[in-house]
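Right after this note come the structures.
There are two complexes below, and they share subunit A, which is joined by subunit B in the first and by subunit C in the second.
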Partner chain A sequence: MEATAEKAEEKKYVDAGIQKGLDALTPEKVEKAINRVFRAETGARLKAYEEICVRCGLCADGCHYYLSHEGDPAYAPVGKVKQTLWKLLKKRGRITPEELERVALVAYTECNLCRRCAMYCPLGIDTAYIITVVRRLCHLLGITPRYIQDTAHSHSVTMNQMWVKEDEWIDSLLWQEEEAREEIPTLRIPLDKEGADIMYSVIAPEPKFQPQLIYYAAVILNECGMDWTMPSMPGWDNSDMAMFTGDVELMGRLKRSHFERAQKLRVKRVVMGECGHAFRAVYDVGNRWLGWRDFPVEVVHAIDFYWQMLQEGRLKVKKKFERPVTLHDPCNIVRGRGLHEKARDLVRAFCSNFTEMHPNREHNYCCCAGGGVINCGPPYKKVRVEGNSIKADQLKATGAEVVIAPCHNCHSGLKDIIEAYDVGMELSFFSEIIYECMEKPNAVEG
Partner chain B sequence: MIGQSSWDWQPGKRRIQEAAACSSDVVWMEEPVASPDGERLAVVVNLEDAVFGLCVNGELLEETFEKIWGLGFSPDGRMTAIVSREMEWTVAVEGVPWETTFGFVWNLSFSRSGDRIGAAVQQEMSYGVAVDGVPWPELFDNASNFALSADGLHSAAVVQTVSMGAADIEAFQKGCYSIAVDAKAWDRSFVNVWSPVFDPEGSRVAAQSRQSLYDYTVVVDGTPWDQTFASVWEPAFHPKSGAVVAPVRSGGKWGMAENGTLVWPARYSQLWHQAFDESGATLAAIAAPSYGRFTVAVNDRPWENSFSVMTDLAMSPDGRHIGALGKEEDDWTVIVDDRPWPGRYDMIYPISVSPDGGHAAVRAERNGRFLIVLDGKEYGETFERAWDPIFNPEGDKVLIRGIQEGTCFRIVAGVEDF
Partner chain C sequence: MHQVYGFVVGPLAWIAFAVFVLGSIWKMYTMYRSAKTRDGQVLAYWNLKYALRSIIHWSVPFWPVNSRRHPFMTIVSFTFHICLVLVPVFLLAHVMLWDYYHGFRFWSLPEGAADVMTFLVILACLVFAVRRILLREVRYVTSAMDWAVLAIVFLPFLTGFLAYHQIGPYRVMIILHILFGEIMLAAIPFTRLSHMLLSPFSRGYIGSEFGGVRKAKDW
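And now, the complex of A and B:
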């Protein structure tokens, strides 16, 4: 199940983030980190997974990498565990730098932590958890790919993942408010409105590259008559690449910033934009690391929020989106949170020509860019695009012109798949379609 | 708040202003803000496309701006807002802008008395702090986490001391960030440094820091503690000895360290928001003695009552009374000295403690109406909107500011009226 010689031959890029760490390692350091992670930081769950796996290989068909590589066992989830966890447990401090490099590459660039394979394991082993533990070890060893490490650095300084400075964030909101007033003169993006019902939070790529998504959200929130706000100070970014690098201490710091900002504003709930991993970080991982069993402020994903608005009659459909659409089910909000039927209710409400992709819902294939993989940067684009030809086939089979992907990482991953395999499909967030098709009672005509 | 002794403390209810009234025609208005003494109601109004004004007690102030945000009042009762004209930003005090303008202004902060106003500023893509309109003489590639000392004479911020290229993780990990106090950066830079905190006199500064990707500690006036930890939270100065205490993570649990040495053993699932009383004899913090259960620990002794969420620690000056807000399911309550108040609310705002420490009061929300609650007893009137209650200097009266049926009132109630 080792990587093939051909693949090793292709692997010419030297990742400064990984190489620098490898250069500084000694067997003692490796042994110490392994002991810390496997003895002090993990417990029965990891041990049980390690001991009960019968190597049946039924997880293999759950993985898009495996399916896209013609059944190469190196890409089966169990194959990835063999190349990482089992190797580490077996060799411990005697593991070679070359083997450690392979551990890091498998953990960070060949697994999206999508948890699809966990559904096919007859023993319920969550391989994503195992790979997360391996990433934690890689973080402690300092062998994290450069670009995702830089994202974590950004998080640590700015509390957002895109090095957005404090003034740039506020300025982006004021700018989008001004733009939106051309369409809806009374529209506001209320900053720091204490006691609002909702704090709307986003991930940093929105102010950095996609400010129109803030515009659309503002229109939807305003036209639905919501009492909402956005914070002017850090805590506005709900994303968390530290969760994916294995830097759990930083992850906790980020999630604290997010929740305490909401608590300070005294909002009843946080509505998050269309992002999957951020939702996972907030409702499942970061909150629990901080000691909360649940989230300290209710968190609602955009799909859930739009669905609620539709049910309450606040969000009204003016016209249907006519072009043929299909829906991509993001792992963190479907397998992780069960929002698939609500997403379909939205699609059917706003779109007249919907075709399911197959498999779908919790069985959907991963986009191959989540789990921090896209943040590992351009050097690994080929790995993830080649690792998801199955997705291209799945998309093509729908015959749709537009794929709705309510997650930023899914967008980025699918964009590359669509381009690389000439799928001929456009991408959309729900907010874009809703904005286009909803009633806007306060908008100026024309 | 400052100057309460000169406020009108005559018991009774007085109408201040119609909340939605302004002397000029307006297109729309934002949420009103009440002054600390309850005598004024201010609101941002939109007059026409890209023209905004400030309306105080129904009267439109002369100056108008292209944009206004961050309307509020300083502790001494001056109305402040962040305003913009022709792409330049500044702070307007009582509607009059500072003479100095900037590329951007944000994060208004006040000295304890309110006599000094500070803000984070950006000028030609360099960053720093301005106090009363005077910017730091030296600005930086980036500045954030701005803090003002209690007397307002000193300001500090996290600053970038070394320029970095894109994705230059090597340079980052050598340390590119420090704290600048009054525009002068500490000699040492760090991988990270967060949230500077002044001592009560404003002469010393402590901050959280990361020495490497793995080693966290506290830095005091530029010098890190000798010990490092898996993580740390905000430090606080002992009011008498000047010792610095901070929650630290060790062995997967949180404890309290003083000058780098654990003084509360690391046994908590979480520990943060610590505070001293005026003498320094009492140190309290929000703590989770077991996973998922939060309470208050006083001198390392947790209360018996615990909640799934706990926030907003408050303490009387003498440390004899300590309060916090607790949440279970969707219901919030106030807990004072380990005794929960009977009322349950949809939201509760920070606790106000009377100067003598004998009473605690909060603004709370239930079913969309606001109430004022003192020592667990609700005042008889409810409001569409309200602001935090304020005690008189003697601690026997409470100023209530709220809007009822579109009109803002100020009510002075005796503590016996609850």
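And now, the complex of A and C:
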């Protein structure tokens, strides 16, 4: 009765990534890693959070997993801390492999690091931070789910998340340029243009699965008259799964490569596509690891960029998007970076029929895909879909036909939820709607 | 009996205060040192403006969203914390002790008010206990330590209340009351009660992160 999640953990799927790691562990190794993480790598915050949490359970309502599981305490933020941090601190090297497996599963698949619960704890305890530390430990122990570890391997080998080879990357850009030139003959996707104002960076799934997003961005950048470029060399991918596996060293390499690419191109700023976690990696996590309080080169999220273009009158609305829309506030750019009002300005400018979902802005429910959870792969799809029935209810209540989700993770996560719960909505990025509704002075009418 | 009384109001009181004061200084110092040497982000991103913004919002009942979701708990919790601090410091009998032993007087609560407030603390403790038993999300994370801490807070108020109303053997009650009060004081830096010292900083830090870095509200 107490913890159905814990009990329901009958062996359904053996994650090879976690299992292999567990097989190689000894109590001494575990003890050593625990000491390293909890004594050497962390300090005041973790200590204080562990000590002052009064076990009041008030953070429970902060978490969509908890709200979606009818109050199963194992899904409350503090319940997850109990199953991970407290257990590790209590048992140390004596923790059993089964318990460690549970630690890894909670940390990687039952928390999106969305930080909503931090807004619900009266003491301001940041459970997402605690879970991040637990993931760090799991990384050191080598018990990371296989799928997400594979993306980290890809990062490490290719400096992008999807094993995209250099020629494939360049090909994708040239291909999109060619396509777009049929519509706008003067359009270019300038590669490696030194001294351009803007470097545009994307996440690797764009060239791999959604190259049309590069097309839309290119059209917007061109038609706004920007002096911009995209790098042909590593550093073009701004995504960062290492940040979520706990591999902070690799995360540092990735962020450095992204920043250094921009510096080598001597651009004034980086504009990045509609992605949430990649933005978090740049403004909040990776930069800190590299010792930057903010960042060495200004990085602007697509929403902010479109908003600026709108303000400056470079981006003009030709027609309104008529279908009823609602807006999903992605954690990493709203609760993480306060872009919610700018996003609403864009919606109002381009859409004639907008309904808010509730709760919204900082209090919006996470998509349940973020924090690397979706990257843990198909074996855990059920965990995140069942863990977010509340999102389906929230979406349905808007009655909208299209949900704008300016984040890749959110997109994929919401898609699964919309399908699983028969919500019957379409998903859209801002760039798709803007592309459809903007004035394109250089386009040939077709 | 007289000697025991003399001991608890004399040397033991000194010891309890010393443990509380020195323990608190030690706690704050070790936390600061830990932040400085191993958790540099805390100091780097600390931002007084946003720390205060967060503290102020969370100090007003029903301002944060979550306090509106739990109106009963909000009322109980605010009442509890306010009374918990005011009663021990400003109770007439305590003020008179300060006067008697150290020769200085300060404002004290009207006796009737202090009595009601003591009763409210007792009631609140019972509410917390019932929550720990009945609410799944609280029961799931409750350990013996949480009960111990609740008892540490509950007992001085209960015995103080009984002594004031002369229920039970007065002299035993008053000695127990003093003893439990001293235990509570000494326990502050070394148990979960240390949130009394650290919560302005945990709140302030998350406020700094939300305001300074994330440009978002945290309430």
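Methods note: the second predicted complex is superposed on the first by the 437 of 446 C-alpha atoms of A that agree within 3 Å, B and C clash if a C-alpha of one lies under 4 Å from a C-alpha of the other, contacts with A are read in each partner's own complex, and residues count from 1 in each chain.
Note that in this section a contact is a pair of C-beta atoms (placed from the backbone, for glycine too) under 8 Å apart; a residue touches a chain by one contact, two chains touch by 3 or more.
Keep in mind that what you see is a predicted model, and the values were worked out from it rather than measured.
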| item | value |
| --- | --- |
| Touched partner set for A:Q263, first subunit B, second subunit C, both or neither | first |
| Touched partner set for A:T127, first subunit B, second subunit C, both or neither | neither |
| First (subunit B), second (subunit C), both or neither touched by A:R293 | both |
| Subunit B versus subunit C as contact partner of A:R188, first or second or both or neither | first |
| Which superposed partner A:Q176 touches (first subunit B, second subunit C, both, neither) | neither |
| Which superposed partner A:A40 touches (first subunit B, second subunit C, both, neither) | both |
| Partner chain in contact with A:K20 - subunit B first, subunit C second, else both or neither | first |
| Partner chain(s) touched by A:N364 [first = subunit B, second = subunit C, both, neither] | neither |
| Contacts of A:S431 with subunit B and subunit C, given as first, second, both or neither | neither |
| Subunit A residues contacted in one complex by subunit B, in the other by subunit C | 40-41, 293 |
| Complex contact set, residues of subunit B against subunit A | 27-28, 30-31, 46, 49-50, 67, 69-70, 103-104, 106-107, 120, 122, 127, 142, 144, 158, 166-170, 172, 177, 191-192, 210, 213-214, 216, 230-231, 249, 251-252, 269-270, 288, 291-292, 294, 308-309, 311, 327, 330, 346-347, 349, 365 |
| Contact footprint of subunit C on subunit A as seen in their complex | 2-3, 40-49, 51-58, 60-62, 66, 71-74, 76, 78-79, 81-82, 118-120, 122-126, 283-284, 288, 293, 334-338, 340, 359, 362-363 |
| Residue ranges of subunit C touching subunit A (in the complex, touch as defined) | 31-32, 34-35, 37-39, 41-42, 44-45, 54, 58, 64-67, 69-70, 73, 77, 131, 135-143, 146, 192, 194-195, 198-199, 201-207, 209-210, 213-219 |
| Interface residues, subunit A side, partner subunit B - complex | 16-17, 20, 40-41, 139-140, 142, 146-147, 149-150, 153, 156-158, 165-167, 170-171, 174, 178, 181, 185-186, 188, 190-193, 195, 232-234, 247, 249, 252-253, 263, 266, 268, 290-294, 296, 298, 377 |
